[in-house]
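Per-chain numbering from 1; labels A, B, C, D, E, F, G and H assigned in written order.
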Amino acid sequence: MGSISDRKVMQEAADALTSLGVAWEMDIVSAHRTPEKMVDYAKAARDRGVQVIIAGAGGAAHLPGMVASLTTLPVIGVPVKSSNSIDGWDSVLSILQMPSGVPVATVALNGARNAGILAAQIVSIADAEVARRLADFKEELKTKVAEMSHELTQHGR
Amino acid sequence: MGSISDRKVMQEAADALTSLGVAWEMDIVSAHRTPEKMVDYAKAARDRGVQVIIAGAGGAAHLPGMVASLTTLPVIGVPVKSSNSIDGWDSVLSILQMPSGVPVATVALNGARNAGILAAQIVSIADAEVARRLADFKEELKTKVAEMSHELTQHGR
Amino acid sequence: MGSISDRKVMQEAADALTSLGVAWEMDIVSAHRTPEKMVDYAKAARDRGVQVIIAGAGGAAHLPGMVASLTTLPVIGVPVKSSNSIDGWDSVLSILQMPSGVPVATVALNGARNAGILAAQIVSIADAEVARRLADFKEELKTKVAEMSHELTQHGR
Amino acid sequence: MGSISDRKVMQEAADALTSLGVAWEMDIVSAHRTPEKMVDYAKAARDRGVQVIIAGAGGAAHLPGMVASLTTLPVIGVPVKSSNSIDGWDSVLSILQMPSGVPVATVALNGARNAGILAAQIVSIADAEVARRLADFKEELKTKVAEMSHELTQHGR
Amino acid sequence: MGSISDRKVMQEAADALTSLGVAWEMDIVSAHRTPEKMVDYAKAARDRGVQVIIAGAGGAAHLPGMVASLTTLPVIGVPVKSSNSIDGWDSVLSILQMPSGVPVATVALNGARNAGILAAQIVSIADAEVARRLADFKEELKTKVAEMSHELTQHGR
Amino acid sequence: MGSISDRKVMQEAADALTSLGVAWEMDIVSAHRTPEKMVDYAKAARDRGVQVIIAGAGGAAHLPGMVASLTTLPVIGVPVKSSNSIDGWDSVLSILQMPSGVPVATVALNGARNAGILAAQIVSIADAEVARRLADFKEELKTKVAEMSHELTQHGR
Amino acid sequence: MGSISDRKVMQEAADALTSLGVAWEMDIVSAHRTPEKMVDYAKAARDRGVQVIIAGAGGAAHLPGMVASLTTLPVIGVPVKSSNSIDGWDSVLSILQMPSGVPVATVALNGARNAGILAAQIVSIADAEVARRLADFKEELKTKVAEMSHELTQHGR
Amino acid sequence: MGSISDRKVMQEAADALTSLGVAWEMDIVSAHRTPEKMVDYAKAARDRGVQVIIAGAGGAAHLPGMVASLTTLPVIGVPVKSSNSIDGWDSVLSILQMPSGVPVATVALNGARNAGILAAQIVSIADAEVARRLADFKEELKTKVAEMSHELTQHGR
């Protein structure tokens, strides 16, 4: 992530990965304040054994796209609705609208939990254990809705 | 893709995959016109050996999100600026803003080529040959810019 | 509705139907978390005697459109301004901009009460008693404005 | 519709109704240029045996909402992307965002064909023949996608 | 105005008129709940001696445009950011984007005070006393800025 | 108007005034290129006998608001969708969203004809002849719709 | 700045200049309430030795552009999200979208601190001392990120 | 600029600089395809004697902000409405909404000519000759408007 102020949002990515049994590391790398560190981090990632990079940023959010320009790993971008954002539109468009040749896998505004799940889905194509946990997770989603449905169902006239 | 009218855009995904040496199949599955086929397709994909699903749609674009709800594979969504779209905003938001638990890896409006590259990046985490081709592709991007730069550089006063 | 978090908004639809003497049932069916239940629910609705389906959802709101793809009943969509929504635009566009062939009767953002009234209007084309109650309701709207007008009217200079 | 310039779009509603065997009439009633005619038309519609009113308009599109204020029939609004519109946003919001108490069943921008289908769905709740035709129509949608799918399906690598 | 909930905003128009010595009356007339009263009010206004009509409304705000369709008096529209509005965009566009032939003099979102000043400016073209008060008002604006400037001016390094 | 490129749009204001029998003059006064001329023009207008000023501009459209800051006459602003505009949003918002104290009577994007009609409506509060012509004009609008209605009315099934 | 209500935002520009050792003055000059003072201020600025003008305003924000029309100095515009603004879009577009010939160097919504830094960057092209302080400031940004990184870095699984 | 496809727009910056007698160089440096070249270019610019950098890019336009992160020179950003842009909003927001600490002086969409003029204004704070040419340029703007005014001025009734 680009700033410690993004942590509250981005922690959900780590939590999702933990619950799905995928190892992760979290650090602050700012495209605009530590551009050289960003270059080094992104270029070294694949050789260090990283499989997916999740980058979250707000406003004119350049971190996900710049990281994607520096690695061949899949990069997931999380638009953060930061305090200086125009309702999140700047964060979304700065991450989503990448030029041809350099994709960023963008998730919903503040969608860090989904970024974690997506990273696990990517890892799962070569890790049957993670695939199994994702299938369990899908079942849990159904169960929770069934419980909500049980609680809510009403008739009236 | 949801309609043959999306083919012109979506063909670029197939072309990108071909150029990166990743096998693909292309079909029309409409969320709104063939919902049962969509359910069957998405649920069977992992067992058939599919590793990534790219889904493109326009307007109220439900195909990527619905496919994602029916599989644990990573799903890449391509917002298509179809003729009935409001400048593409509907396509983008219908695909990007998925609820917590069901991510779609969204790329830029009409960004099918990037969807193909992203799919290859995902495949590359367990396929060193594809990783190598992606590294070559990044070098080609640089070479093309160097050529453009050579052609363009000017001074004036 | 797709989640119990939509209940506060959607309850107004049930209340409107009750006040207009139209029978209703309320349940949670999630397009993204319980897609199979959604398919079953929508396909069985007409044969169970349902006349109109009201579906509310937020963000990338696929429930109304997916239900509409699975039934020939009129489907009313309520865009909900959920916590993960970009000011409601995603909810509105995901429900409104359905492709040709599969309409959703969309009401205003958080307009669940109007969804209930619209459902009663639809029922009223074959139910004279409901039509009479709707006419009474229109008179009440006028009376309330007359009372507000009586309270407010002022002159000044 | 409010102007003859909307005819090209609105004709699709009539065509959809014809194909589904539902009787229709088409006229020009302008909220802003013939407000008294609009009042008379809307107030008389139910007694004349009309079951659903489809109103299309562009820009600051007041026709659907004003008609809805004057009848207890269901009113379907078609936002038209007219020449004076700001990309259709004004048409959409003027029709969709009706206040509590007076719903308009809004369809997609220029979605007149869907307005016709929705009107038929409404009529179908008390007309089994129309319901049957709608079921046939849904099958045709599937068949067309199957044909497109047959034509398109490809594999590559 | 269309509802007593708009009063807090619209009172500023009356206050501005009072401070500029222009007589006014205030009433609630709802386009959607009392359409016949609106027709009667707007058609009778000129003969009753009204010179300008200020109409405020929110959401799908049809009151200003409908009143303008029923009178040849200048009509000033105030878009109100009501609770059901999408950030005010619906109110603004529903009032501003009137079709050719039926203008509404639109002021800023929640700009009721400016609506009062504009009404006084209109009246002033035939009332020298009001024109004089407007000139005084412009001087007061300057004086207030001069006072603020006096208080604020700073230098630093 | 601010530039000769706005002439095509703004000529419609002059044409409307001519057809309603109101005298007019047309000139180019640029807020950004001839600010001093703008100041002189606006400050002198009332004493020269001008009753209403219509100002059209595109992009960051400052002319209407700046003229309004320099006169107590009513100022009508026409947002022009110029070539450098972002779909007209900049023109609309720069003219409409004036601060408290300095109103601009804003009409629709490219709505110069309505600006002319609105100016005539303003003049009509003290000119019975113009008021009569406006009443005639309203009748013509109705007649044209009646003719269109006569031509269009259809029934089908 | 145009109003004392903008002070809270604009003070950050002064603070940034102070921290970078650049002399500044701050005053209130309103485009709409004191247009003549604005003309005088802008025209005299270069001869008084001013090198850069920072102008902040909200809503239909004309101050930066009008000042730019009256001087050949670089003018930095700060869009302020004032209480009467539509989510800041009006402020941004009124300042950014200047016509050809009259640029305004626009910074982010409420970005007064960046306006101060940009002004220092401009001054630095002829002031080596300021250039040196800017280089130090860039190092501080890196150090702060390094500290945040040190505090945050985590691993998990 | 980031791509040769931006040349048509960006050439206007060079032309403006030439007409104002300011030396320039033009090159292609892509944030996403040649990130290392971008780092080298931006870091070396001040020592090479560059005074201002103009960076133009479209879509998720990261070039201006990334260059600004790597230099203490003033950086002017030109949002380009490229073919893959969503009506230019992505380009504008990606450049404008920079985080605190790293400003980009943003000009209008496709406003490369203004970028050139702004660069000259910046240079002029230490170059009296360029300042004189800018004053002449301002006079020419007035003269052109006077000529247009002479051609256009009309009266009518």
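Brief remarks follow.
The rule is short, and it goes like this: a residue touches a chain if its C-beta (ideal position, glycine included) is under 8 Å from a C-beta of that chain, and two chains touch if they have at least 3 such contacts.
The shown structure was predicted, so the numbers you read here are calculated from the model rather than taken from an experiment.
Touching chain C and chain D together: B, E. If you take chain B and chain G together, the chains in touch with both are A, H. In summary, the interface at C-D recurs among the listed pairs B-H, E-F or D-F; the equivalent pair, sharing over half of its contacts by residue number, is E-F.
Centres computed as Cα averages put chain A at a distance of 33 Å from chain G.
With centres defined as mean CA coordinates, chain G is found 50 Å away from chain D. For this pair, chain E with chain H, the centres built from the Cα atoms lie 41 Å apart. Looking at chain H, one finds that residues 3, 33, 59-60, 84, 86-87, 89, 92, 96-102, 104, 108-109, 111, 141 touch two or more other chains. In this structure, the chains touch in the following pairs: A-B, A-C, A-G, A-H, B-C, B-D, B-H, C-D, C-E, D-E, D-F, E-F, E-G, F-G, F-H, G-H.
Contact residues of chain C toward chain E in the complex are 87-89, 92, 108-111, 141-142, 144-146, 148-149, 151-157.
The residues of chain G lying in touch with chain F in their complex are 2-3, 31-33, 35-36, 39, 58-60, 62, 65-66, 68-70, 84-86, 89-90, 93-102, 104. Residues 3-4, 7, 14, 17-18, 21-30, 33-34, 37, 59-60, 84, 86-87 of chain A are the ones touching chain G in the complex. Considering their complex, residues 46, 51-52, 72-74, 76, 92, 96-109, 111, 113-115, 117-118, 121-126, 131, 134-135, 137-138, 141 of chain D touch chain C.
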